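Heads up: the structure comes next, in C-alpha cells.
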Amino acid sequence: MTSLVQLLFDGLVGGAIYALIALGITLVYGLTKIIHFAVGEMVTFGAFLALTFLGLTGGNYVIALLSAIVGVSLLGLVTERTMFRFTFDSPLSGFIVSLGLILVLQGVIVEIWTSGSQSARPAVGGAIDISGVSLRYQSMINLALAAVILGSFYLILRRTKFGQALRATSDDREAALLMGVPIRTIAMTTFVIASALAGVAGWIVLTMGTVSPFVGTSYVLRGFAVALIGGLGSVSGAVIAGVGLGVVENLAIGFLPPGWTDVYVFALVVVVLLIRPTGLRAGAEGAHL
Amino acid sequence: MSKEVAIQAESISKHFGGVQALTDVSFGAGPASIVGLIGPNGSGKSTLFNVLSGFTRPDKGRVLWNGEDITTVPRYRRPRLGLVRTFQERMAFDELTTRENLAFARIQHRLPDISNSALAEQVEYVGLPAHVLDQRARDLSWGQIRLLGIALTLAIEPRILLLDEPFAGLNRIAAQDVTRTLRRLRDDGMGLVVVEHEMDLLLPLCDRVVAFNAGRKVAEGTSSEILRNPDVRAAYFGDT
Amino acid sequence: MSSAVGIAGLPSQLSSRARRRIMAVLPIAVVVLALGIVPFIGVNNRTLNLATTAIILGTAASGLGFMWGQSGQTTIAHASVMGVGAYTAGLVFMRLQVGFGLALILAIVAGGLVSGLISSLSVRVSGHYFVILTFAVAMVITAVERRWEDVTGGVNGMTVLPGDESFLGLRLADRMQFYLLCAIVLTLTLIALQSLTYARWGTTLRGARENRHLAWSLGANVVSNNVRVGVVAGLVAGAAGCMYVFHFRAIEPGQFSVNASIFFILMVLLGGRGYLLGPVLGAIVYTFLPETLFFSPILSQIALGAILIIIILLLPSGLLSLGARIRDHRRAKSAAQASAIGQEGA
C-alpha cells in the first residue's frame, strides 16, 4: 500500500489540475450563469494539441505548452463569438450549446487524432526520493506552474481594473452595465481565459501520463464540484477545494479496494454536491427569496 | 364572516451574511383591517413580510397564527391555514389562461372544479370582466394581472392576505381598481397586510400603518399619525 | 363564417372543450396511423430495424420530454435510467429465466425507482446544481456498469437471446412482430403521458414550472411533484430499456452514457419540447439522418452535436413549432395589412 505522504503529494498535483479547471468554470459561471460542460473537452483538446506539437518540435515541452494555451484559447474565442454570445440572456441555452460542443469536440478529437489513449514522456524525468516517498520532478514543475498561474489570477482579480470589472459584473450585471462596464467584452474574455486555463490543465495531464479523447467529462465534473465547493469567483476557494478533492480522491484510491476507482471518484462528487459545504447557496434561482 | 384570526410576529431578528435585516421586531394583524408596512429600501419590511409568509426563517423570534407557533411550518402549508401571499413581479402564471390559473389554486387545496358562472363570479368579485377567463395571463394588462393575482389567492379562501407591492407600476385607473378590490375584501372581513412603496396610494387605504427603518419599527399608528411622525419623515423624506 | 381568430366575446365553452379533446387525441391518432401502416408497405429488414430503434428511442425520449416540458427539470441522466431498465430486463431474463412480461415489469419498476431517487435529490439541490448532480449520477451509473462485471458483463457487455419467447402472442425473435410490440408500448406511453398532461396534475406541473415561488405560495409542494414526474419519466425509460435490450440483443455501458443522454436532449429539442410528438419526431431524425447521409458513427456524433447547437440557437422550440411560427408570422402580416388598408380608407 502506498504511503500516506505519497498519496497526499500525488493528490496535490491532481488538485492543481482541478483548481485550474475550476477557476475557468467558476469565472464563466459566475459571470454568465452558463454551465460550460465542454471545458472538459477543451482540456482534452489541449492535451492532444500539446502532444502534436511535442512531436513536431522533437520534444519541446515549452512550445507544446504554448501551443496548448494558444490553441484552446482560440477555440474558446471562436465558440464564444459564434455560439455562446447569443446565449448571454439565456444561460440554459448556453448550457445546451455546451452539451452539443461536448459531442462535436469529442468527435473532432477522435477524427483528427485517434480513439485510443496516447502518452508522452514527462518533460523532466526522474524523481527525488525522500524516505520512501517518490516526488517526481515533473510533479513539482507542474505544481509550480499551477501555483504561478493561480497566484497571478488572484492578483489580477484583486488588484487590476479588469479584475474589478469582472467581480462587479458577476455581482450585479445591471449595475455594471449602467456604470459603463463593457460586459460583453468581459464575458468574451472570460471564456478565453477559461479556455487558456483548460489548455494548461491539458498539458499538465499529458505530462502526468496518458490521455484519451474520452476523459473530458470526468475532468469537467470534478472541475464543477471544486468550483461549487470553493465558491463562485473565488481563486482561493478553487485552490483549497481543488487540493481537497485531489487529496481525498487519492486517499480513497489508496485505501479502498482497487478496480472501482472511477466509481469512488464520481460517487465522491455526488456526495460533495449533496452535502453542499459553505460557499454554496441554496438553489440557483430566486435569489431574492 | 370568518371567526377571529390573527397573525403575530414576536421579537423577530434576522441577519443575512453580515447585514442585520431585522432586530427584535414584533407585529400583529387581525381580520377586517388593512395594515400597511412602509419604509425605505433595506428597512426590513420585506424581510418581515417573507418571515410572515414562510419564505425566510427568522434567526430569533416566532410567528404565531391564532396563538399557535407556525415559525417552522413550510411555506406551502401556510395557505392551508389561511395565510396567503402575493408576489410583486409575477402574480400569476403567464403562460396559463385565467381559467387555468384559478384551477391551479383550487387543485392544490383539493377543491373540485366549479361551474363557469361561479368562475365568472370569482373574477368579477375582484373587478375583472368575465371574458378574460380564456385569455393567457401574459396577454392581460398590468392592472388585470394584479387583480388576477388577488383572485388566485381568494380561490383558496385566505383569512389573512399578504400583498407584496400591489401598486407597483400601475397607472391611476388600474390603481383605483386595486384599491376598490382591497377595500371590498376588508369590508367582507379579510385581514390584509400590504408592503408598498407608493405611499400616496397606500396611506389612504390603511386602517393602521407600521413604519420601518434599519431593521426596526420606528412608528405605528393611523395614516395621519404616521405622516406627522418626525422619525418617519426623517427616514422617508429626509426632513429633520 | 367565423374569422380565423375565433368568435370573440362568447364563452363558447362547449367548442373549446371539444377542441381540447381533439387536440389531445389527434397526435395519438397520427402515431397509431403511422405505426400501423408499416406492416402493409414493403420495408426491408434494415429499415424495419431502424424504425424499431426509432420507436424505442422515441418512447424513452417522450419520458424526458414529459419531465422537461411539464416540470422544467433538465437531466443528463435519462439514458442511464434507460440503461438500468435494459440491464435489469436482460439480467432477469437470462439469469433468472423469467418471462418477458415479468422482465418488462421489473425494468419499468427499476427505472421508476432510480429516476425517482435522482429527482428526490432535488430537495437538497435545485436549479443549476441539480443538473450538475444528474451529470455526476450518470457517470457513477456508467462506471458501475463498467466495473460490476459479475452482474453486467462489464465493458464487454451483456447478450440477450430471446429464443422462442413471445408476449401477447407476438414472437420476440420475429422482427415485424417485435416492431408491433414496440409500437404498442410507444402508443400506450403516449396515451399515458397525454392523459397526465391534460389531467389536473398537468396544470399543477405547468404552473410550478412557470413560477416556482408562486406555486409554493399557493400550496403546491413543488419538490414532491417533481419527484413524481421523475418517477413517471423513469417508468417510461425503464420500459424503453427493456425493449432496447431485446432489440439490440447486446448492450454495453457506452450505450447509456452521458453522450447518450445528450442525444435524448437533442431529440426532445429537435422535435419540440412542448409537443407530445416532439421527442418521437426527434428520435426519428436522430435514427434515420446518419443512415440517409451514410455517416460514420463519429461523423454522426459531430453532426448531431452541431444540430443540437443550431437548434437551440435558431429554433429553440423545435421543428413542430414551425407551424405555429408560420401562422403567427402570417397573422402579423395580415394584421399589418388590415391596419394599412384601414388607414387608407379613413
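Think of it as A, B and C in the order they're written, each chain with its own count starting at 1.
Basically, contacts are C-beta pairs under 8 Å (C-beta built on N, C-alpha and C of every residue); 3 or more make two chains touch, one makes a residue touch a chain.
Model, not experiment: these values are computed from the prediction.
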{"item": "Chain pair with the higher count of C-beta pairs in contact (B-C, A-C)", "value": "A-C"}
{"item": "Innermost chain, taking as reference the mean of every protein Cα atom displayed", "value": "C"}
{"item": "Whole-Å separation of chain centres (CA-atom averages), chain A against chain B", "value": "47"}
{"item": "Centre distance in Å when chain A and chain C are each reduced to the mean of their C-alpha atoms", "value": "33"}
{"item": "Whole-Å gap separating chain B and chain C, where each centre is the average of the chain's CA atoms", "value": "41"}
{"item": "Contacts with two or more other chains, residues of chain A listed in rising order", "value": "289"}
{"item": "Where chain B touches two or more other chains, by residue", "value": "55"}
{"item": "Per-residue multi-chain contacts in chain C, two or more chains", "value": "213"}
{"item": "Residues of chain A that touch chain C when the two form their complex", "value": "29, 33, 35, 37, 83, 86-87, 91-93, 95-97, 99-108, 110-111, 115, 217-218, 221, 224-225, 228, 259-260, 262-263, 266-267, 269-270, 273-274, 276, 280, 282-286, 289"}
{"item": "Chain C contact footprint on chain B (complex, rising order)", "value": "53, 55, 75-80, 84-87, 90-96, 100-101, 103-105, 107-109, 116, 130-131, 133-134, 152-153, 156"}
{"item": "Chain C residues touching chain A - in the complex, by the definition given at the top", "value": "74, 76, 121, 124-129, 131-133, 135-137, 139-140, 143-144, 146-147, 212-213, 258-259, 262, 265-266, 269, 298-299, 301-302, 304-309, 312-313, 316"}
{"item": "List of chain C residues in touch with chain B within their complex", "value": "8-9, 11, 13, 16, 200-201, 203-204, 206-207, 210-211, 213-222"}
